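The letters A, B, C, D and E name the chains in turn, as written, and every chain counts its residues from 1.
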Amino acid sequence: MIRTISHRLLGMLVVMLLVVTIVFVIVRITPGDPAAVMLGPDATSADIAALRTQLGLDRPLLVQYFQYLADVVRGDFGQSIFLGQPVLRALADRAEPTFFLTLFSLGIAVAIALPIGIYSAYRRGSAFDQSATTVAMLAASIPSFWLGLLMIQFFAVKLGWFPTSGYGGPGASFATRLGHLVLPAFALGIVSSALIIRFTRASMLDVLNDDYVRTARSKGMGEARVILRHALKNAMIPILTIIGLTAALLISGAVVTETVFSLPGVGNLVVNAVLRRDYPVIQGALLVVAGLYVLINFLIDMLYILVDPRVRY
Amino acid sequence: MRDALAPDTLLSVRNLQTHFVSRSEVAKSVDGVTFDLKRGETVAVVGESGSGKSVTSLSIMGLLAHPGRIVGGEILYRNRQGTVRDLAQASAKEMKRLRGTEIAMIFQEPMTSLNPLFTVGDQIAEMITLHEKISYRAALDRAAEMLELVEIPAARRRVNDYPHHMSGGMRQRVMIALALANKPSLLIADEPTTALDVTIQAQILDLLRRLQSEMGMSILFITHNLGVVAEIAREVVVMYAGRVVEQAPVVDLFARPKHPYTEGLLACTPNAARDVDPNGVRLPLRPIPGSVPPITALPPGCTYAPRCTYAVPGCTGAVPPLFSVGASHLSRCFRHELL
Amino acid sequence: MKHWHKAITLAAAAALSTAAAYAQEPQRGGVIDVATIGEPPTLDPMASTADLVGIVSQNIFETLFTFGTDWKVVPLLAEAMPEISDEGRVYTIKLRQGVTFHDGSAMDSADVLASLQRWQKVASRGQQAAANIASIEAPDAQTIRITLKEPYAPLLSLLAFNNSAAVVLPSENMAVPMEKPVGTGPYMLKERKPDQYIQLARFDAYKGREDASDFYGGARHQYLDEIRFVPVPDPNTRVEGAVAGQFAYADSIPVESVGRLTGDKTEAVTLKPFGWPVFVMNTKEGLLSDVAKRRAVLTALNPEDLLIAGFGTSDFYAVDGSLYPEGYAWNNKEGVEAYGQGDPEKAATALSEAGYDGTTPLRILTSRQYEFHYKMAEVAAEYLKLAGFQVKLDVVDWATLTQRRQDPKAWDIFISHSPFLPEPSLIGVMQDTSPGWWVSEAKTAALKAFNAESDPAKRAELFGAVQKVFYDEVPAFKVGDFNAVAAKSPKLQGVTPAPWPYFWNAYLAK
Amino acid sequence: MAATMTAAMPASGRSQFLRSLLRRKPVVIGLAVLLLILLLALFGPMLSPYAASKLSLASRLKPPSPEHWLGTDDFGRDVLTRLAVAGRLSLLVGFSVVVVSCVIGVTLGLLAGFFRRLDTPVARLIDAMMAFPDILLAIALVAALGPSVVNVIAALGIVYAPRLARIVRASTLVIRELPYVEAARALGVSTPRIMVRHVLRNLLSPILVQSTFIFASAMLAEAGLSFLGVGVSPSVPTWGTMIAQGRQYLDQASWIMFFPGLAIVCAVLSLQLVGDGLRDLLDPRLSKDI
Amino acid sequence: MSTLAHTSSEAPLLSVKNLETYFPLSHGTVRAVDGVSFEVRRGTIVGLVGESGSGKTTLGRSILRLVEPTGGEARFEDKDLLTLSPREMRAYRRRLQIIFQDPYSSLNPRMRVGAILAEALDTHGLAKGSARAPRIAELLTRVGLSPEHAKRFPHEFSGGQRQRIGIARALAVEPELIVADEPVSALDVSVQAQILNLMQELQKEFGLTMLFVAHDLSVVEYLCDEVVVMYLGRIMERGPSAQVYSRPRHPYTKALLATAPIPDPTVKRERIILKGDIPSPLDPPSGCVFRTRCPYAAPICAENRPPDEAVGLDHFVACVRKDELATSGEL
């Protein structure tokens, strides 16, 4: 078990290292001089040269790479050009809406998807299954920003049930802030539920064909118990994976949704950073989000170990 | 009909028909299967792939997968109260009550038939608590006893093991313990040793024989291996392409097969004593020509006719009935006299 | 086609009808949310010319002078208008007494001196002024003396500006970039969450002027407890938020959406006219370094079509070739006949006479930060194609545009806009160094005469000559005049329409 | 996965395969809609009496009518005509992304799956690439490369390549061990030939299925990027830029943004229907009815 | 044809010495084949029997280098196959072929039968150009199919027919040695005999040498001249089939024969039911690997690996107690 965990941990570290490397490569392929970009159009060439030296851009690429690596390990993701604050700090400031948005949309997606997926698999080929599958596919085909716009138009502007945008003003109560998340969370959750429905269904179908489900039935067990105790527990493993994956996808979905709803989250920050040419922020966000993804995957792996005795040795 | 069930008969399958109907085709997987199973006895159903032997067993259990449906015939079963019930007509609720208590089943794949996420003790205890009002603790104790019964070493400790800790043979023992936990009257064993090595197969057959003599249940034993049949069965039902082609007491069947298919099967199994001459020269085997027809495209009349060396044009005209060819010996062959 | 609109000064259009319902004595108290077009890159008003920086920071910081009605320069931190001596070379400025900074320290001439020095270094307008300034001294605690090299009329306007602004900071707070936003303004920074809000709270120790409020000048009343600037880059979201009553004030509403500003929670505020869209041409390099081709561009473009595309209906624009619309002292008709022809055929002829090869692309650099830029670009491209130009539209984001326009090799036309600046010499193309790089003897001569004159009447006349040169050499194409629309809650009273809206004097009606 | 491979549709069954594919109503609907969109994109602009980029300020923001079936936009351009032209680009982007990601993904996956020594590094690289959410990575790449159609295609191609690589790798690992590959090795067939004739050829169906999903994702992602203003230039009509542009007229001319959105939904949905149908047919695991 | 009369002086076609194939895993090493030595004479069929995990399949593949062995040698005529470079090995592959167990997965589902056979010919530059089609037709006819079958895809055939195609593929390159890896165990009983007959005919006709891997003892007894019994990666006993079957000299062989079910209800046999399971190949018992299940195990069995010792002509047994047990009459 300890070997399994340390093995996964090592794997995770390797992947993280590669993630950092990929981000470094992206930094490098950005055309133009980062120093010039940082200093803006009015900079003199002497200023640029000074900053290059200060940033170590005049050193060999490999040295720069290791420097970058060392910085990242120390949690130094650089300084936002536009905001004048450390990237990590800027990201942390915006974590809350993104976190809750992701959490709520995930909750909505799972709440919609699990029952539908399970029942679809159980009643495979039925009218319910067919319509659920089609609706799931439809949901996955809707651009979330488009859905968001339509929802703003209808629920916020026409009906006035929810705020149109933003995250409440300063000192807005938690409830108010959550109120701002209702529409975006639904826009995102509905779109993401599709993937979970399909996976739940597929993985339940898989499991329902397994021999031990037949064994369970041969014991004279009721269907509900067969499905919920024997089948679902086994199907949960791939489903958990997809839920974790969805969580990561939601972060990416948040990029678009936050922009539509003007939520001051990480996604919004990234889009603004692109428009402001604030490269350190883009890179930092990439690193953090990818890191979260790797971490979520690792945690799911660990969860497997809890759920599945087979991985436990 | 129900009254016609002899008192010592536990199960009587009569003209059972189970079809799998999909949009494009009908698979008559079981098409008129008839046999009886007496108390405390073992009947082996033997056949190659596609013969319908497994579907027969699942029909009895009421565990047919989705498009499969019993479309005709009866499965008469005498329950513990002594009432004869037709399982083909029984309600889902009644089947649920019978399964696991009176009728239990073990499967071909010991590796996958146990739920990997629960301990073996838990799975056996679950079987017990499903049908009996006893505490989980007590059920777990009973589970340990069952494991001891099936000769699992250090059974008390292994109750807490997960299936993946066990070998195939051990898992099949667990399956047997599970099946027998509620002391069923009928055990359906669907190719229980096929996936196992010979030395393990011998252990399991031995175990089944012992448990049967101790507990007195009837066994319906599904297999494709004539050697296993010879070892375990009292009565043999030979199936081919969904139909029973021959039925006889085991000694009779091997000594005097009355259906060309049975004869062919026995003849084509290599046997050095018979097929190698005293000088060590190997004589050619006598195989059955052709191959088993797909269940969705069966030939007319006698389904074995195209491969049969005795076949005459008349064989394809009508489905031959089961002819009585000796004491409790039946053959579905128009030309059984020739054998 | 000309002179359609007679109304001249700043007018609150829609506000009047509903205003009556709420007309009452100003109330103290309340908090407002103001939707702005984005997050200001900085709160240091010296460091940026961005309008947004000015809008936010003018509540925190104050300058020596500011603009009163009709863009007349009036004193703010200065006690009064300066004494000008030595043929306009020496400005002696008396400071107001008892003004304190947000940190509690008192303002004196040392602070002003340090601030003006910082301004000359940091601010682009300061650098412009510095070229003409010989020295700045603080002869006593309440006096500042600026000595010019030669008479320079724009100085006071420069000192009055709220962006790239000569704000007064505590002398110990001169770091670049600015560390603490401490000023003397009516509101002080409470909290800033980038991309989320900038929260300003009333500065209780504020010492304002006692004369009557006069546009940016005069008394500044602190009715509101708090002002929060909420960055909402997406114009639709601003509209939706305004309609839903989320914002008391939403800046820069796209004119298409004015129809949506209905209901009891919002109404349109039109600033008429606000400014002018401009196509700046690259006079330094490339296709348009040839004045004949620039003239062909001017001839080809039909301003009205461009304005329709950009602003929809004539309620929001005016076809006007004068660099300043009627109502400004600078308004005149010199050279305007070259404007508004919209004759691509004539342009085509001119173009072939100018020797255009028909293949070199005319690169138009624009962005969608301001939707009307992009729309005008689309329409202009059609006209220029008709005139025979090979047109290449480069639509980039604003950051790229501001960066790329610095490179004379990268573009031929870029699209921008400007409010009507109180001082003409501050207009972008009038600077030799600003992108476009318009330099000519005629320009220099006309501007020099204009800047050196201090008598306003004479200056107005001299500006005609400047405009004449503008139309003669076509360093840029002024598309017309346009109005700015903002959304305002009917409850929010006391807001004067202004290019840089300010919220002192504003109050919430009950 | 092994079952998928061995039971993958053999070519002779092509006509039969097509028949059973066409028996599925969702697939037929999907194919029909796709065909319609393709025809619209290819021939719509030719048939339309309007030029896609011709401005006509006199007829701005006209609602759908017999003259303009889907109305006009803020420049008075015919929305239907633009929709068709934009469809070309959106489809082109989707298709090119599929090609790019196939080339990268299949090569990587095949190499990793076939050569044990390459497996771990490539697998980790795939893991690392997959750690970046698609839109976010695309944004970063486009920001780095600069916004243009080609760069958007390149960025999305890179973003989706690992998905294919992963599937190809997993399948290759399985197929590599299958007896028919062993048989080829036992015969002395060269490795490149085995990779192409025995492995790749049996991977075509999963690649095809995955390609339809990548196509769909790429169209959605392109629309998202364009909507955010970090994708292709707004002067290039794609469905995404049309939505972004129509957004400000949501209230007075909702058709400008509604129809491109609908077009995306239709295209993506039909791609998914077709992909799903293919998968059901090619993956017996999910379609063993009997 | 093949009789039990052989002379051991004849040079073997294949001679395996101390062959080892180890698979390193993250938590140990699986010794799938652990020091195996035997010989196969030209023109004979040698059966390789054992239960699952005995390493019989790995051994067959190791000789063909479809799995890379980790040690020992496999001499084909006078050349050690294990020392050949991949390029040299490729040339040798024409002489060594394999027939697989699973007739479904051993044929590429996307290739027509003709193409499958053509690939075999192409690889070794055989039957080029116009000779191609007749050669393919000939091969198909020889294995009992018809030439028209070349145009079909594998899924259009039954299991038995596919196995025939697999055999035709192996025959296409005219090999000398064929490793038949459980070629009939996936087939229906009624079809098995067809394939066994075919293989025998071909063996006689082409003078093939065959290593026949199987778990069905009766098939091996019938078909093979010699038999090699494996358990946990090692050889327990090997020798002429008639001898081994009539008088097994290893307790394992004896148990194996005793537990194999015989399709005759009248036969009554001594039942030897082995206790327990096959140990994990990750952690095999010391000394004799069979001792944990052996009814005759003694403390000495745990000490050293029992050597292969001759107990008759070409008959070898690896058991330290073989003589003791023989004298006591237990074996």
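As a convention for this text, contacts are C-beta pairs under 8 Å (C-beta built on N, C-alpha and C of every residue); 3 or more make two chains touch, one makes a residue touch a chain.
Worth saying up front: this structure is predicted, and the values here are computed from it rather than measured.
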item	value
Steps in the shortest chain-to-chain touch route ending at subunit C and beginning at subunit B	2
Maximum centroid distance from subunit E, chain identifier (CA atoms)	C
Relative to subunit B, chain with the most remote C-alpha centre	C
Selected pair, greater C-beta contact count between C-D and D-E	D-E
Whole-Å gap between the CA centroids of subunit B and subunit D	50
Whole-Å gap separating subunit A and subunit C, where each centre is the average of the chain's CA atoms	41
Averaged-CA centre spacing for the pair subunit E and subunit B, given as whole angstrom	32
Residues of subunit A engaged with two or more neighbouring chains	125, 157, 259, 274-275, 277
Touching two or more other chains - residue numbers and ranges from subunit D	229-230, 247, 250-251, 289
Complex contacts: residues of subunit E adjacent to subunit B	1-5, 51-52, 158-161, 188-194, 196-197, 200, 215, 217-219, 221-223, 241-242, 245, 255-256, 259-267, 271, 273-274, 276-278, 293
Residues of subunit E touching subunit D in the complex	61, 64, 66, 89-91, 93-94, 96-98, 100-102, 104-112, 119-120, 123-124, 152-156, 166, 169, 173
Subunit B residues within the subunit A interface of the complex	61, 63, 66, 95-101, 104-105, 107, 109, 112-117, 119, 126-127, 130-131, 162, 164, 175, 178-179
Complex interface listing, subunit D residues touching subunit E	2, 5-8, 10-13, 178-180, 182-190, 197-198, 201-202, 204
Touching residues (chain side subunit A, partner subunit B) in the complex	124-125, 210-212, 214-222, 230, 233-234, 307-310
